[in-house]
Amino acid sequence: MAADTLLDVRGVSKKFGGVQAVRDVGFTLNQGQVMGVIGPNGAGKTTLVNLVTGFVKPDDGRILYKGKNIAGMAPNKIANLGIVRTFQVMRPYHSLPTYKNLIVPLNSPRVRKATAGKLGDLDSVAIDILEEIGFERDARVPYKIAGSLPLGYQKRLELARCIALRPEIILCDEVFSGLSMSEISSMIPLLEKFVIEGMTLIMVEHRLRELFRVADKVLVMNFGEKIAEGPPQEVMKQDNVKAAYIGGDRSK
Amino acid sequence: MPSQDQRKKRLDRSINVRSTGLYALSSWREMTYLLAPRLLLIVGLLVLPLVLDHYWQRVLCTAGVFAILALSFDFLAEYVGLVCLGGALFIGFGGYAAGLLNEYLGLPPVVTIPLAAVIGACLSTLVIMPCLRLRGIYFAIITFMLPLFARNVIIALSLFGSTEGITGLDTLPNIWVEQYVIVIAVLVILFALRRFASEDVGLIMMAVKDNDRAVLASGISIFRYRVLAVFIAALMGCFAGAYLTHLYGWLGLSLFAMDFSILPIAATVMGGMGTLVGPVIGALILSPLSEALRGLGQLRVVLYCLLLLLFILYKPEGLMNFLERKYHQFERLEKV
Amino acid sequence: MRKGFHLLIVTVVMLGMGLGVTDGTAAEKAAPIAVGAPIPRASNYGQNGERGMILATEEINAAGGVKVGDSLRPFKLEIIDSRDEEPGVPTSEVLLAIEKLILQTKVDLVAGGPCMSECGMAALDLFARYKKLDVVSIGCYTPGWDEKVSKDKEKFKYSFRESGSVKWYVKEALDLLRQMKGKFGFDKIYVSIDDSAMCRRASEIVETLAVKDGWKIVGKDKHPIGSTDYSSALTECKNSGAEILFIWAYAPETSILMKQWASMEVPALPIGFIGAAEDPGFWQATDGKCAYSIVTLSETGNVPTKATPKAMDFYNAFKKRWGVPPRSTGCVSAYEGMYVLKDAIERSGSLQEDALIAALEKTNLEAVRGTIRFDENHQVIYGYDPKNSVLGCWVQWQDGERVQVFPEVAAMGEIKLPPWIKR
Amino acid sequence: MESVLIYGAINSVTFALTAIGFSLVYGVSRIPNFAHGAIYVLVGFLTWSLVNDLNLNYGLSIVISLTIASVVGLAIYQFVLIRLRGMPTSEIIASFAVSLIILEGLRLQGIGGFKGFIGPNYMLRPFFDGKIAIFNVFVDYQRLIVVGAGVVLAVGMWFFTHRTKIGLSLRAIAQDEQAAMMLGINSDRAAMISMAIGSALAGLAAVIILPLGNVTAEAGYHVLVYALAVCIIGGLGSWAGTFLAAFLVGFAMKVSTYMFGALWESVVLVGTIILVLLIKPSGLLGKQKELEERV
């Protein structure tokens, strides 16, 4: 595999009871790339994310990260390697103040190691990160109880939680869904900034137009199988993709 | 009762103080406003032993035991999300540890109680650890059964005096020590827990409760924190157990009695889940109540559970939250 | 809001009731001699003991009361529910009840329970601590009790046990067995016991001594309290060729043991301490399946007997007062307990502890079970001669009635064998 | 040895009978009904006093008390649990409070002249008295009836849940509440029905099993614990799992009795539970995955 290949997924499959959620999916991802994962509902996109981040153990297949097989590792171990994710269903730590939400990742072994424990006052670090993600610094917002945040902010909080871990790969599970156009267009530069900072993104999305503004390549899934992979425009020209999309649902 | 054309309007007191801590220092009024309730509790608890008669002093001691158990239940349930219905397990392990240390090694209570707290806590943690992978009701049910099984095991292997237990252990020097040990323990644990909840570790535990998946995704092992939490809770419980053992100089199977699991829960529900203070108050109301109702025999238990039911159905927030709201808000009727 | 209000009321009411109760017990205690009685009211033994005590108290007071010095003072029973023998009740709560009697009700003496051995043993320390005189007159049969007293006579001098001790009942059992050995030529025993410290100890003693007497222990079964199926044990017993099924079990489930014994026609005669089979209603409850079983009621007087002059009077009085015959453990001893106290108080002429203790130690009172005397460990002395000791009581279920068959002096009938036992 | 097999089987069926009601309720409504044991005992005493106090016919009084049981179940749901849906902790606490009220209430002494049920004298008559020998192991008919009932119940449950309309809807709820509601199945009503049926089953178990022994309030706690144990091992809410677990536990206990003596039963029980949970946290046939998001 090429030197700069960061993530190399080979033939992973997962079955839930009778349902083949993911069958023999594989792709490679280079450092700094942005890959979109698209497909109709129930195509197994989220499961793919779960598989890569270790929340679901693959039945077979290998997931090579920097040449090391991480398939079946515990989620927290994988996260400590620098592969982090957002959740489709956002559940911030609703009983904690927003900025305290970041205390959790800031206490992770990964961050501790990276900073050799010299992070100083975690709260202020947290505030910095939040600001970086687009919370106004001196407004009350960061001090509010996270549960009370509006959707847009919650999405940002999800991202903030990822960034706090100083990740190498972020898997975004539908960060755009439910956001207004303006919110999205204010979030896109954020994502671009991550890429510039050298992070690699995998974005599961339904909002194709917005996705294609950032994605270098897309992976199309249907009924748990990869049906196409490549640069967005070309992929969307393929018949089986169209078919899948007309067959599947286009809501959201 | 408000009439047709009127409605209740709620107004909040001194929001500033509560929202931004620093503001409180601005005036004595605000500070007292914040401190008064806490002081009331502390002073109240410390004075109580002085005003009670001998018998009620003894009741206070057992009430304290239940208060600590309630605290440990509340902590596990509301700060870590582990609903542990097996408080008796802690009492049992702590009690037996203390009793055996005292009986066989002849150690004095001042040594056995802390030592037993630690030993018992380790044991309980070991026993509960396999169940930690379970969530929600599974965990609850298992922990509910554990004390009963611990009991049976002791009978089966006829350990430590089996069904007759061991009596004649050392007791604490006098009624004052007995009371203040437990009262101070309650206060210390109470405020220590409140402090702990604002530390990073505590925050992470609450995070685990809110959304363990996200915690995992943040590269933190929830298992380790759950174990830690159980250990802390067990530490309190076992301390209470060890204390109880030395309060009556007895150890026996009934240390695993179901009352130790049920009453604290009742106290917590009544006092207000997640408030920490609530459970203490609940315990201080309920266990004297159950003493006062002793004359009624079984009826007592019945009334007791009725009360619990009423609370859970009609006042799930519990006394404490209710009082707190009353303290921070005042109501007045106004024309619609 | 209003619901909260309702709750408040409920709580207040309950508190009120509670305080009412406590005040009720705490209030009037002027002339009468207050006798505290911690009793597990929700258990059979407790209830019977309570009845016995009340009956005795009523008789004594009707007869004018207790003569202290030159004044006549009535007894006043302060019964409190000690709640032992209930599931899920910690011993500490039982002890708290006793403390309530001592500290708040401020009783002069304590008599009666607690019945459970665990509680009784723990209570010893309590009475030593508060230097309160206590006459255990219901249950608490553990041999550990007088062992413990003997270890520190000075410390535990405040406690007397006027109810029985397993030690003696076991001896009775052995003598009964010997008698049957002579009569029917039996020599094989199968032992079946509840698994509790008390029963285990009892069976150990019996086994060792029985073997000395030339019995063969052909099998043994320890069942956890509350087990509802004794079939495997009984099958084993059947195949073992035992002629005696020696039972030592107080759990109510022993009724199942009896029923299964009957339905399987196990050719071994059940003898021993069988909690369920003590009850007068047991015959009807098992529709006769308990026939032939031989049970100890531990106190002569629970069934009609001519052993002592007082026995019949007590039996009839009890039946008259409560509409049911005395059950077993507790009835007689609790009844006598009050008389023992009366006697001691009248002899010492005061309620002062040490005087009373001295008086009690010299007790020599003719009563229902025989003559009550205490040994140096403050344990009532059992024997076979009603002139200088109190008698136990072994009955056999014979067509619907509990017929006393042992000790001989009190026997009212012969031991019968079921048809399926060939000898 | 034969006795181990035979009585092991009987034992297992007994467990299955006591557990199935609980399992059903949980499977359908996700309600852990801690009042299960209480209802079991309640039915026992009801039947007893109907027969002995009112001198009713045995069968009739059984029918009556079963009906009462299911009504009680309904009531518990309608007046208590319905307000607590989706809060497992509260559900547990509330239902346990109810069970304490029932059990301790049954033992009430002398309040208003009410004489509670205490002592060994409350026994239900076996349906047929007598016994037979199977490989020279004596088994009384009642135990055979227990086994028979267990089999009938198992088949009945299957038929009920796979063939009848209401059974199917219950199953639908059990599998996916959302979907079922979309299909117009009222989950509240289903839960209510399940509580009624579950309680009736508890009662049925009582009238079948209790004639083997005597009726005591304490039994309520034991039954609850055993039911819980069986359901946990089998996987909460999995009906097949319940039966499987019942047999596992039943035999494990009998064998241990045979090998080390009766004392070890409970120890073995704990061992089994811990072991099963270590290997498969959701129980033998449990569906609840530990850390998985719905796909």
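Going in written order, the chains are labelled A, B, C and D, and every chain counts its residues from 1.
Criterion: contacts are C-beta pairs under 8 Å (C-beta built on N, C-alpha and C of every residue); 3 or more make two chains touch, one makes a residue touch a chain.
Just so you know, these numbers come straight off a predicted model, no measurement behind them.
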Item to check | For chain A and chain D, chains touching each | outcome: B
Checklist outcome for this item: Two candidates, B-C and C-D; the one with more touching C-beta pairs is B-C
Checklist entry - Using the average of all C-alpha atoms in each chain as its centre, how far is it in Å between chain B and chain C? => result 39
Item to check | Where chain A and chain C are represented by their mean Cα positions, the distance between them in whole Å | outcome: 74
Item to check | Chain centre separation (chain C, chain D; CA means) in Å | outcome: 36
Checklist entry - Roughly how far is chain B from chain D, going centre to centre by Cα mean, in whole Å? => result 32
Checklist outcome for this item: In chain B, the residues touching two or more other chains are 152, 155-156, 213, 216, 258, 262, 296-298, 306
Checklist entry - By residue number and range, which residues of chain D touch two or more other chains? => result 107, 109, 116, 221, 263, 266, 291, 293
Item to check | Per-residue multi-chain contacts in chain A, two or more chains | outcome: 55, 75, 87
Checklist entry - In their complex, what parts of chain B are in touch with chain D? => result 77, 83, 85, 130-131, 133-138, 140-142, 144-145, 148-149, 152-153, 155-157, 212-213, 216, 258, 262, 265-266, 269, 296-299, 301-302, 304-306, 308-309, 312-313, 316
Item to check | Sites on chain D touched by chain B in the complex | outcome: 32, 80, 83-84, 88-90, 92-94, 96-98, 100-101, 104-105, 107-111, 116, 221, 225, 228-229, 232, 236, 263-264, 266-267, 269-270, 273-274, 277-278, 281-282, 288, 290-291, 293
Checklist entry - Contact residues on chain B for chain C in the complex? => result 1, 53-56, 58-59, 62, 152, 155-156, 158, 161-165, 167-168, 171, 244, 247-250, 252-255, 257-260, 262, 285, 289, 291-298, 303, 306-307, 310-311, 314-315, 322
Next on the checklist: Under the stated contact criterion, what part of chain C meets chain D in this complex?
Outcome noted: 41-44, 47, 87-88, 195, 221-224, 226-229, 231-235, 252-256, 259-260, 263-264, 275-276, 279, 281-282, 284-287
Checklist entry - In the complex of these two chains, what residues of chain C are touching chain B? => result 2-4, 6-7, 10-11, 14-15, 17-19, 21-22, 24-25, 41-42, 80-81, 83, 87-93, 95-97, 99-100, 103-104, 117-118, 121-122, 124-126, 129, 142, 144, 148, 195-198, 200, 224
